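Structure provided below as structure tokens; questions to follow.
Letters A, B, C, D and E mark the chains as written, and numbering starts fresh at 1 in each.
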């Protein structure tokens, strides 16, 4: 099992999920099984984490030929970029199974499949393998929202599914193109990511392929203006689905940009980075503004999440080590904080049977533990120093300033925008006088406290002592940055060359 | 001279098409199709004469056999339709649409 | 010796933080069951600050034994984060400036903790309060001791958070929470400036090390324009935290918190962080005098405006709040004219007398059962003698009556302004000094003199327990004597504070003749006398709630600045949010998607019509297709 | 001759089996249920024979028999395998279908076998008249199967439409054959190939015209735009197992002969690429747009069948005629067949007596009462939509990669766009099955056959996708 | 010369018959008109030296197939009232001609390129039963064989579709 530690982390949950789906298991049995499996994955994950060296390259590589005629291999591996997204999922999943006790077995099965698929997408070293997991991870979400969602669930399901599938199918076209281009250039078939980087792409088709990739990831992240599926899906979806979507799946979009777009489309990436960066920062502000107008706390958190994703995305496009590392760090930080917030929102919704902010109030007095936990997650989400949220945001702003002062300054406004709606919501939900609805609010149970504790500890530890995490991220980020710098130099050299030609 | 035969074949063929697309009577339509097959047969036989090869005759014969089989089935279908609706208007049979 | 100091450096902020965590955990684990006794919490809460105070004193003495040029102790605890050329370590630095700061921060903090034991005795969430207070003190110490801007920022935001938590402490009342929100948000606006300033500073000279020592060493590499930008951005941060124009609006509202909070956070410590920061970055400000000019002007204008407000307030804490804003304005005027040590010295004295005044006000409020309107008090002199006397000391110090501490520190600033050629600033400063004397004594007279306005409250009023009065007395002594630490040479003093701070801040020494000095001093005293006299005439014999008209009404309503901000920023923000959410997002951003899906459905319906169900029509489709292709193929033949 | 015999063994088995079934039926010696089992046996046997010949067949894949009118290649063998598999599963699901829809006759199985016989011959045909007759055998059998339910007026309508348009197309095929005969003095594929190779395609106008009419006939049979209009109505009118059979086996057979004909020579193919390019685009989009508005599952599947034809046409455009192996087309056909047959198998026991449940709305809440069936249908739909890791995805993968490789990037992108358009109507059924409450219990007195068939096919969807197949 | 005249006569007849087929409202009239075409075509076959086909056309087509059709028309006893109204027939005809014209042009273009040749009667047994039969059984055995299957299927079809047997025993 330890030779195939990543495979185990991928397929253990998937197989468990399928078994749950195919066999008649009781609700509690399903939950117990899910919990056991997710803890087992967590143990594997910790083993992986401790064994991870962090030299910048791929580790724990598994490579098997799958479709030899098309060069499709079963390739898995982790590096500093994927490690933390993988770990975020691994650490967070047991919490869900501890918290949500009342759902049917399909709920747990879908979550397990989502977990496995996401791990697969993050660790895949082959474009086709990645694409397979990328699509598969959407399916459980589709079913989760559709089966367990709120009133507008069907519209929300359709919107997210069609939107994301449209994006990913365009990416698929681009993947095909890459495969063929590789075959044309090197005479062999391969979809290996490392090999792909050797591709020389130019011309309109390359730009189109770049757009195909970026569109898929922009929708998943979601980058403004492709975010419109998000509020509906996050709001209508059950808490766990929202959690999975916001905490991990959106991050895989960011991850994919770093993993695929930067090495393969280096030239296009550098050329269009400014536009993307603007989109990121506009999205941050736009969703931040939209969040203040929400009367529904889940939708508000949805917009807040989108707003933060804008900042994280911005970090990708600033093309310096600080911003990129910041983004990667923030991925985990945001996964923990926003993930926790959505879980809290789920608990709130489940116990109060409402999503309206106006219906709530005074919960801090009824449930101090809940309020405190929520506050910690909230503060991390607004980037308070000492919590995990600060480090990433600071690094991104720092990097953004270097890249482009205007973008950097706009990015800085996230400090203000985030805090406005969060405090406003916190005031109306947790402070003020309680009403007959919130009067009966039950504080977190021991199991729930246990479930949240790792998340909160992670938030604090990552805020106070982030260096061990950064140390594992940075070398991989540096490789990407070097790729970018190399590309920029090449582009400059080309421009220079063309310039001299013109002069002559 | 050969061209005259072929022209006739084309004319008959096109009249067959015309019959299919302009008429609603099931019988007329099926007979128009037979007309098309006959036009093809004429072409076969003309070409056989052109190449002085009797393969064309064989082909024409086979086409006649196919036409016979089709006709048999078509007539069975006509009877079936007549049983259902009592009329032979193809437009009446438009329950499946949209 | 130095090892001990290093050891202490790490421990000083940790002490209150440990207390906070401990109290927090105890509170959370027991909040649903049996509570620990309040006394336990009280003891736990005070241990941290007191220990920190002792250690701070140790550090101070150790530092004092070192030669002047080596009075810097740096203790790097661990590498906080390091990315590329950015290398931030969690480090603490004690130099004359920070050691002075921690000294009085911990001292006053400890006193206020002790005071709170009495003040908060009836509170239901006693532990929570002390948890927050300890957390605050810890953050404040990180702010002061941090060895670089980023570490400072941790404390900076930490104190902001605690300020928020404590302002909205009585959170069942939404106005308190709103005040907390306002404080946090306005502070965050300032923080944006701070962060951006840091970012620019880093990219300019931070690659070799982003702590004060390296920055100071590399400051000369900084281009003038960047230096200006950084200075101004940092000052934006300072205006947020230290409640200067235009971000002062949160501080008066912050009085919603418990009074010890107001004393500790909104008078003595946190609000002075901005001044401390400007002094910290004096190595930058001296390179761009224009920036200092702006700082000085903002400061003195803030002092003026808030003094005007202060003259018309009827809430005892609001009066003090505006006086705080006003005094902070002085401090900025001081640091703005490059008289850093004067500014810091005013921070030092102000901490004593303002904490004293707030705690005194707290005693009054405590005695009056949480009544804060001065027009409902009156004649309390007899009922609360200790409070009255101590507050009187505070008032005298605040209004700059010689030889109370405020006189020396304020005069130092005014003198520096005058001597460095900022005559207008000096003139306004003198005017404000008179106004300060007026509103301070207006408050004292209305509250303690004359006839009681509310008989029932008056009858129940009584002197608070010693746990509250002892800190008052201690602070009063401080307020009385603190000025002598920096006795000007004119009076035969040695300017101990200024010379102590010498290695840390790059003071611009303005020299003037003794006559000038006497003149400046004299005008200050004159201003005090005038202000005091007017207040005495109007209020000493008792007065009724006045009806404000004209300018007074305008000033009473704080120039409608809150309303203006609401109109200019808050409402647009909300309406932009609403527009984006209600109109823009569904129609414009989501418009293409909606259009596409509508089109999709419409085309689908249209194609249903094409499937007519008539077999002949299908044949026609086929023939049309055939004939089109025939046309095309015909072209290819020949 | 031995080898020839071996190669033809599946055809012989099927033909003989068909006659046997017919005879037994004529004398009333065979119960309906046993007829289905016999039919399955025949297909199974033929499948085994075909598989043997495919896996361990003679080393020389090209083998002419009957005066060069038939040719067996790896391509035809695999196509035959797909056809036989389709026949097998159709027989299997028909058995359950006729438990509730009591118009089944023993002749039904005989006709399916006859149709398969025609299809097998069609795939192997290497001469136009043989192809024509095989096509007619296949078509006639299918016409009869479509109109098998005599009491059903829509069935009659469907058979009328299909027969009329099919015969109409047959007229064109005959004319096309005549033209080619006129131009080349022969109707054999080899002659055509060598004529094109030596003179070029456009050199002989009669060949151009003939090929045009013949290709038109093929395009009609596979329902390419604008010759597609019949397919929706005919699928709608016929009984479910027949629809499944028609959609899969017939398409496989026609595409096999289509590819065989088109790939005779690069020149021949090259002349048609432009037309096929536009036709495939129009077919994909036309099919999608028709499918969007449909309320009936069968009609939706029919329209989606048009879309899949479009993809197959892309493959035809893209594959190179020089080294034609047809693997891309075959893989796609197999993937499509598995999922389509699967969904029709599921429908054949879920739609109830008289196919009362035919609309999307009728399947609301299926997942609540019959979770496994719903899951299987979902798998099939996802496969059709091309979601990994199903076979449909791999099929699309091969098609699109081959298109890009052939330089047809536009076609590839439009193919992807089309599959985006198609998501909605596939998801719609899934949403109906899963996200609504059940109105009825979906009980049926079905035998185990159709559900078993569904299960096998659901597994097959993943099996042929994940198992590494070297194309 | 005579052959040419004969050709034109027969051609005119066959075209007229075909036009009659598509214009006559009653299928019976159409069928009769179609028989004229078929017989004229038989004559054409004779002119083209297809002796066997001449006979087959007359016997199988004009004789057998058409009698079957006529028989069914009579069997169904079609009255005027049973016939579709077909109001816009003229429009369809004109439209149809327009649509078909390109196909006809295309075909004519092809035909024109074919080599001409004379149509004199070929001797030497061309088109006679024996020779055609030889070719049929030697070269065209397979199509011939599978035609039988086709007819078998048609037989079953006729029985199943139009048969009397009750369903669902």
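Keep this in mind: a contact is a pair of C-beta atoms (placed from the backbone, for glycine too) under 8 Å apart; a residue touches a chain by one contact, two chains touch by 3 or more.
This is a predicted model, so every value here is computed, not measured.
S.K.: Please name the chain that ends up farthest from chain C once chain centres are defined by their CA atoms averaged.
M.R.: That would be chain E.
S.K.: Based on Cα centres, what is the most central chain?
M.R.: Nearest to the common C-alpha centre lies chain A.
S.K.: Looking at every pair of chains, which two share the most C-beta contact pairs?
M.R.: Answer by contact count: the chains B-E.
S.K.: Give, as an integer number of Å, the spacing between the C-alpha centres of chain D and chain B.
M.R.: Comparing mean C-alpha positions, chain D is 26 Å from chain B.
S.K.: Just give me the whole-number Å value for how far the CA centre of chain C lies from that of chain D.
M.R.: Chain centroid spacing, chain C to chain D, equals 78 Å.
S.K.: From the C-alpha centre of chain B to that of chain E, how far is it in Å?
M.R.: Chain centroid spacing, chain B to chain E, equals 6 Å.
S.K.: So how far apart, in whole Å, are chain B and chain C when each is placed at the average of its C-alpha atoms?
M.R.: 97
S.K.: For chain C, write out the residues touching at least two other chains, lowest number first.
M.R.: In chain C, the residues touching two or more other chains are 608, 611, 613, 615, 619-620, 623-624, 626, 630, 633, 637.
S.K.: If you look at chain E, which of its residues touch at least two other chains?
M.R.: 96, 99-100, 103, 106-107, 109-111, 113-114, 139-140, 143, 147, 150, 153-154, 157, 161
S.K.: Return the residues of chain B touching two or more other chains; collapse runs of consecutive numbers into ranges.
M.R.: Correct list: 6, 13, 16-17, 20-24, 29-30, 41, 46, 50, 55-56, 62, 66, 69-70, 73, 77, 80, 90-91, 93-98.
S.K.: Applying that definition of touch, give me each pair of chains that meets it.
M.R.: A-C, A-D, B-C, B-D, B-E, C-D, C-E, D-E
S.K.: Mind pulling up the chain E residues that touch chain D in the complex?
M.R.: Interface residues on chain E, with respect to chain D: 106-107, 109-111, 113-114, 138-143, 146-147, 149-150, 152-154, 156-157, 159-161, 165, 167-168.
S.K.: Using the touch definition up top, name the residues of chain C that touch chain B in the complex.
M.R.: Per the touch definition, chain C meets chain B at residues 608-609, 611-616, 619-620, 623.
S.K.: Which of the residues in chain C come into contact with chain A in the complex?
M.R.: Listed in rising order, the residues of chain C that touch chain A are 24, 27-28, 31-32, 78-84, 86, 90, 150, 153-154, 156-158, 161, 164, 168, 171-174, 177-178, 180-181, 184-185, 188-189, 191-192, 195-196, 198-200, 202-203, 573-574, 576-578, 580-582, 585-586, 589-590, 593.
S.K.: Of all residues in chain D, which touch chain B in the complex?
M.R.: Checking each residue of chain D against chain B gives 129, 132-133, 136, 140, 143-144, 147, 150, 153-154, 156-161, 163-164, 167-168, 170-172, 174-175, 177-179, 181-182, 185-187, 232-233, 236-237, 293-294, 299.
S.K.: Which part of chain C faces chain E closely enough to touch in the complex?
M.R.: 620, 623-624, 626-628, 630-631, 633-634, 637
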